[in-house]
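Presented sequentially are two complexes of chain A, the first with chain B as partner and the second with chain C.
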Partner chain A sequence: MTAAGSLQTDVLVVGGGLAGALAALAARDAGATVALARRSPGATALSSGAVSVAPDPTALPSTTFAARAGTVESARRLAALQPGHPYAAAGVALDRLWESLEFAARELPLLAPPSPRPRWLATPSGSARPCGLCQRSMVAGDLAEAKGILAVVAPRGHLWFDAGLVAGGVNRLAALGAPRAVIARLDLFMWEEAALGRPHDLARLLEAPGAAEAVGAMLRRSLPAGAAAALFPPLLGLSTAARVPERIAHAAGIPVAEFLSDLPSVPGLRLAAAIDERLAAAGVELVRGELAGRGPGEAVSAGGREVRARSWVLASGRFVGGGIARRGTLVEPLLGIPVLASDGPFSQAGAHLASRPAASLTRRDSGSAQPLLSAGLKVDADLRPLGLDGRPVHERLFAAGAVIGGHDQAADGTGLGVAVFTGYLAGRSAAAAGGRLVPAPRGVRA
Partner chain B sequence: MSASRVVALSYLAWRALVAHPWKRLAQRGTGAERFVASYAGEGLVPTRPEDRAIGEAASACIGCGLCEAGCALSGAAASVRDLGLRAAFRLYSRGTAELPLARTALEACAACPGCDPLCPTGVPITRIVRHLLSRLPPSYNPPPGPP
Partner chain C sequence: MEAFDVIVIGGGVNGTGTARDCAMRGLSVLLLEKSDFGVGASGNSSGMIHGGIRYMLSDRKVTERACRDSGYIQRIAPHLLFRIPFLMPFTSRGEAATLVEKATWYATEVYVGAYDLYQPLKRGKPSTRLTPEELYALEPALRPGLGGAVTLDEWGIDAYRLCALNALSAERHGATVRNWTEAAAVLREGGRAVGVRWRDVLTGETGEARAPAVFNASGAWSPALGRRTGVSVPMRPGKGTHLTLDRRFSNYGIICNAVDGRQMFLMPHENDSIIGTTDDDSYGDPDDLEPTSDEVEYLLEGVESLVPGVRRARVTRAWCGLRTTLYEYGKNEDELSREHQIYDHAAEGAAGLLSFVGGKLASYRAQSQEAADRIAALAGKAVDRCRTHEEPLPGGEALPDPAALAARYGVAAPAAARIAYRHGARAHEVLALCDEDPRLKLAVCRDEGILAAEIVHCARHEKVRRLQDLRRRCKLAVGACAGLDCARLAAQLAAHELGWSADEARAELADLLELGWRERRTILDGHQLAQEELVRAAHRGLGDL
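On to the complex of A and B.
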């Protein structure tokens, strides 16, 4: 945290979520030296912990899991239907979506290798989401693959997760190919210090030596007849190294998985911790603190340290991460890049969201798209943010993740998929961008 | 003009021209001091510019609970933990009258900076807790009541 002199790197990544991390790792993998500046773990820690890349936009609610398009084909269909979406903005580069998913799974070993067909994972609210990438602790809960009866584990007396809602949701999906779900009530957290535990407290309790084995033995005793797998609330350890799902599965004798998480999200925290660990191991220089500066090539102050980088990847997130802020109008606070992109009626080129009254960016109808929630930067096919004149604001400034507009990253089922895809591409482009350390040309600040 | 109207207007004129100026001349202390004299007993103290700044900083909290993963409060008593540090400063940073209700949670804070770098929206949590602690009335005794 102390000022340790100035730092010169090839690539500076701004933002520490999944997009920023993958940009840093992709650039590092391509041989560049990388610094990553961030204030906090990023909104990735608030995610469900799985990466839903793209739902099939052409599927009907009654289309079976088996009849739906695969992950990459779904993203292609989505890009064709939504011209403002980052998948569409990337153009032919969308061919590299699969490559980016494989890269993410290789770099973050807690993620299972991507499967061509999305895994259908149960959510805590009684629905299921198609996920192109998920954590290894979730694989056995894939509703499209599970055979036999799924035992949904309900910790008796705890209010955080409603197993009845989850099991009911799975059973409603039977016509699509989901297995039958039965609730298995366990006296999991009945001792005093666990009684009012928050999810991360409970996850830590399961990491203790013997705790996961005891849970597994308890599960084995109360398994419903014919159970082929057990679906736990997303509490299976804060650290992957504790191997909680494996230990429970070994003691119980059946495969064990966790369903997706609500907030606060233990799998999200686990993903953020895995990112930290991997960034350190890959030799990415981590700079903590606020950032102030003008753009690639120029010295910036980050966490009290002077950083100079040839190219930048802006992965500062959206409203939570602070990449886009609403100060009367919508602004990009770091470099002042205009906020141009959104979906819905403002997806046409040149819609300058900051010039619109805020009331026009929200809709009364809660079912329709909310332009405010998909507001962000507009990018070209190389993921460089565009200025008001439609040209990149800087030759070697790239954007990744939720700071790119045109998709509602929290709701449309492509949030972390866009982070993985754009992070990977932006990191590779930033590493390949030529040029020397020269002052930025005019016009970085719009 | 009716008699009652004359009486009413005369009363208003007396209030405006005599009673109010007389009160202004007779009163002691600044406005802030008189505010404290009148309302401090109810736990309401004036909002200073630094209090306003703290309130604005706290308003960036989205209640995600990420800070609590790195918070030593999880070692505190169950009742305090149940309230949570986040709830303490979200609920009580605006009204000082209810601030003493958060006293146990605020005082259980070990003032380690563990939560600050965890906040995705950049809320200066330890600074807010320190400020709220300094605003707690020093000699507050909870009113007697059923436990």
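On to the complex of A and C.
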């Protein structure tokens, strides 16, 4: 790294969500110098706070938790069924999925170590998701492991989360092996300002000295007979350091977990904060602001600074992150890489996916895979984005996370799993990509 | 078997308006709506109580009736109407204008001037002629080179609520009102229609009701009902598609010409803007109707001709309905009369069955009055005089002051204003729920100013049977956020009020989200596409809905 203003680095990561963070940490871990450029917090802050990885695509709705495939095998099955999926594009590298999950948990200590079988975590809308990785605050809520009665906590003072819907969802899964859920009502948030607070306001309230302990004591008095664990709304502190779940559990004398969150997501904010903290500790140079440039080897302007990096990882997300945009036609706005991958009928080369009307790229039943929502970059087995000629646009340009197309995370249930896996691989590859700083990347827009 | 004086089939504005009129005049009424109030042409109309300037050349009577009734509707539902001033720009500068263009301007001024004759009927302001400078001062986003404009004054309305309020008023006057209940068959005996067999589509419950008069106001569904009944209901259903933009994109309504020369508009409407409309013959299934890419493009292109920036606007929805125009062969859609007709099916062996075809939203009250007269004659009953132009619809009794409401109940002023708009005098009842339970002040939608209290009020008092009914009662999940913030919370509140199980609540939530997807999938672009990704992740990815 050189003097003020200008920055020389081995790897430049574009994007500060989970994929970008893992790419940066994986490259740093491999000994490379790393800069990470981002214009705003990543879409990871808008996530449930857990990492789905892969549900078993061959399971029937009635298949018990125990009879379903583990996380890695599920990803293999998904790759076999969906040849355009990033898990399939990575080819034999999918063998490193487990390694990537372990790496993520090691780098981000708020995550619990992965377990071979996914943890089944309840959601606010009365369902449950299998998660390959989750926060430590969620582990005791694993429906596949919980025994006895699960007390679903209902704070009387606030309407945002509905314990009835959550408990109903858990009880619907009894035949799959879920514990019985019973609602435990607590006189929590019982004053008007709290009643009108947003989830992050409530999470802060619980961080205050004595607050979590008081909740724990209240819970101890209200526990249903036979309760083996208590499942809280995802409000257990914005900061891991506040140790809200631990304090409640200690005072209540029972394991405590939070269920997953939709938006706004306290666990998502917590995960984003943990990422920032870890990036700083690992010595990743953070550059904030808009990025303009042509690709690896070239000097780019990032947040007003000149940055020159040997290899790049593009982890700029999809539509929320801005890595892919549609302005009448689908584009990758930063480098002008063609948008070629999608799950659906227009995924073959030459089908002009990008310029088709939205109606052609969507299907009437929202539940089916949607070509438009799964659009993104096509990559080779080394995760290098491909140009129209089917060859990598640059030998040291890698992609990670949702910017890679061909999968619809919402429909296939992979969630942030692709971010962890491709982020880790792309970071390792970028660190290993040798060569001097050379100009004129082939195929990248001038 | 229950007996009534009249069975009204169809909960659009004509069905609910006629049910109200009949009930107020002392007839016993059964109103059947197979889905929810206003889901057809009424709710999917442009949402205007306009005087029908478009029809002045062909149907001056339609214009006059619409203007007169617009005045009455302002009287009975003052909270629900809002003024929309329109600009009709001249598309070239004076110095460059050809003789034909100058003649067109003159004709336009005469045309609008003639419309002014009817404006007092609906408290409209007289038209004015604007110079180019005045025009650009009012609406800087217009393309350069325009030669000024004339103004005209129209009124907007929430048409879904208009239907619901008519239905609620009918019920308060003794009618039996059933939404989500279809008329499965019209019962016939000896050359007469004598009643209806109905089926509750949510519970599966069936029943029969008898009446000397059966009034078919099922709009675009009439031909199918006619086929089931063995009568013919001639009409030319025309598909009209609209787009909604995420904000008030222009200050005024702007009348534009589409690529084929048809008149169309961009107008601010409540918190949004609406672009409309297409008009194409439709032979399709009214239950299986979707906007298409070419309709979306046609509408944007038409507005772009005067407002180039519309290409950067965020389109949040594309939606459509089937208007039922009177049958004529050999005419273009736009040339078809907007008059209405009430067909008597006696000659087809179904005496007692009347079908309503055509008409305008703005004239629904007069149309309903005429229908009620015919029905009373069929039922052979002496009835009271019509009072639907005098007696306010629920909430129309007074206009509450939003600032005073906000102060009294301790809620945000913008939310109070929106609740006062939707509920009029009943906004007090809505907000009084917060006195009992302060948690109900929680904002469900900050765009539309929906508080939890409003969801509870609608669920208790406005015949909400499904979560999607709240789209129409209080604009739930139809804004730019696409239901990201509001949908689950509203489902929880409705489930609590209506006794839904967790599984039922999830099914309702999935249904609500699916409807939104259908309206968005043809327009997904820019920020709205990013929002779709978020909504999909939260509801489908996480919620498995």
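Points to keep in mind about this one:
Note that the second predicted complex is superposed on the first by the 428 of 446 C-alpha atoms of A that agree within 3 Å, B and C clash if a C-alpha of one lies under 4 Å from a C-alpha of the other, contacts with A are read in each partner's own complex, and residues count from 1 in each chain.
Everything that follows uses one rule, which is that contacts are C-beta pairs under 8 Å (C-beta built on N, C-alpha and C of every residue); 3 or more make two chains touch, one makes a residue touch a chain.
Quantities reported herein were computed from a predicted structural model and do not represent experimental measurements.
Of the two partner chains, chain B is the only one touched by A:Arg288; chain C is not.
Note on chain A: of its two partners chain C and chain B, the one contacting more of its residues is C.
When the two structures are aligned on the shared chain, A:Leu196 is found in touch with chain B and with chain C.
Contacts of A:Leu263 after superposition on the shared chain: both chain B and chain C are touched. With both structures placed on the common chain, the touch criterion links A:Gly42 to chain B but leaves chain C unconnected. Touched by chain B in one complex and by chain C in the other are residues 46, 192, 195-196, 263, 320, 322 of chain A.
For chain C in complex with chain A, the touching residues are 290, 292-293, 296-297, 311, 438-443, 452, 484-485, 488-489, 491-493, 495-496, 501-503, 505-506, 509, 513-514, 517-518, 521-526, 529-530, 532-534, 536-545. For chain A in complex with chain B, the residues that touch the partner chain are 39-43, 45-46, 192-193, 195-196, 198, 200-201, 238, 263-264, 269, 288, 290, 317, 320-322. For chain A in complex with chain C, the touching residues are 46-48, 52, 123-129, 157-160, 162, 164-165, 167-169, 171-172, 192, 195-196, 260, 262-263, 318-320, 322, 325-328, 357-360, 362-364, 366-367, 372-373, 408-411, 413, 415. On the side of chain B, the complex with chain A involves touching residues 62, 64-66, 68-69, 74, 78, 81-82, 84, 117-122.
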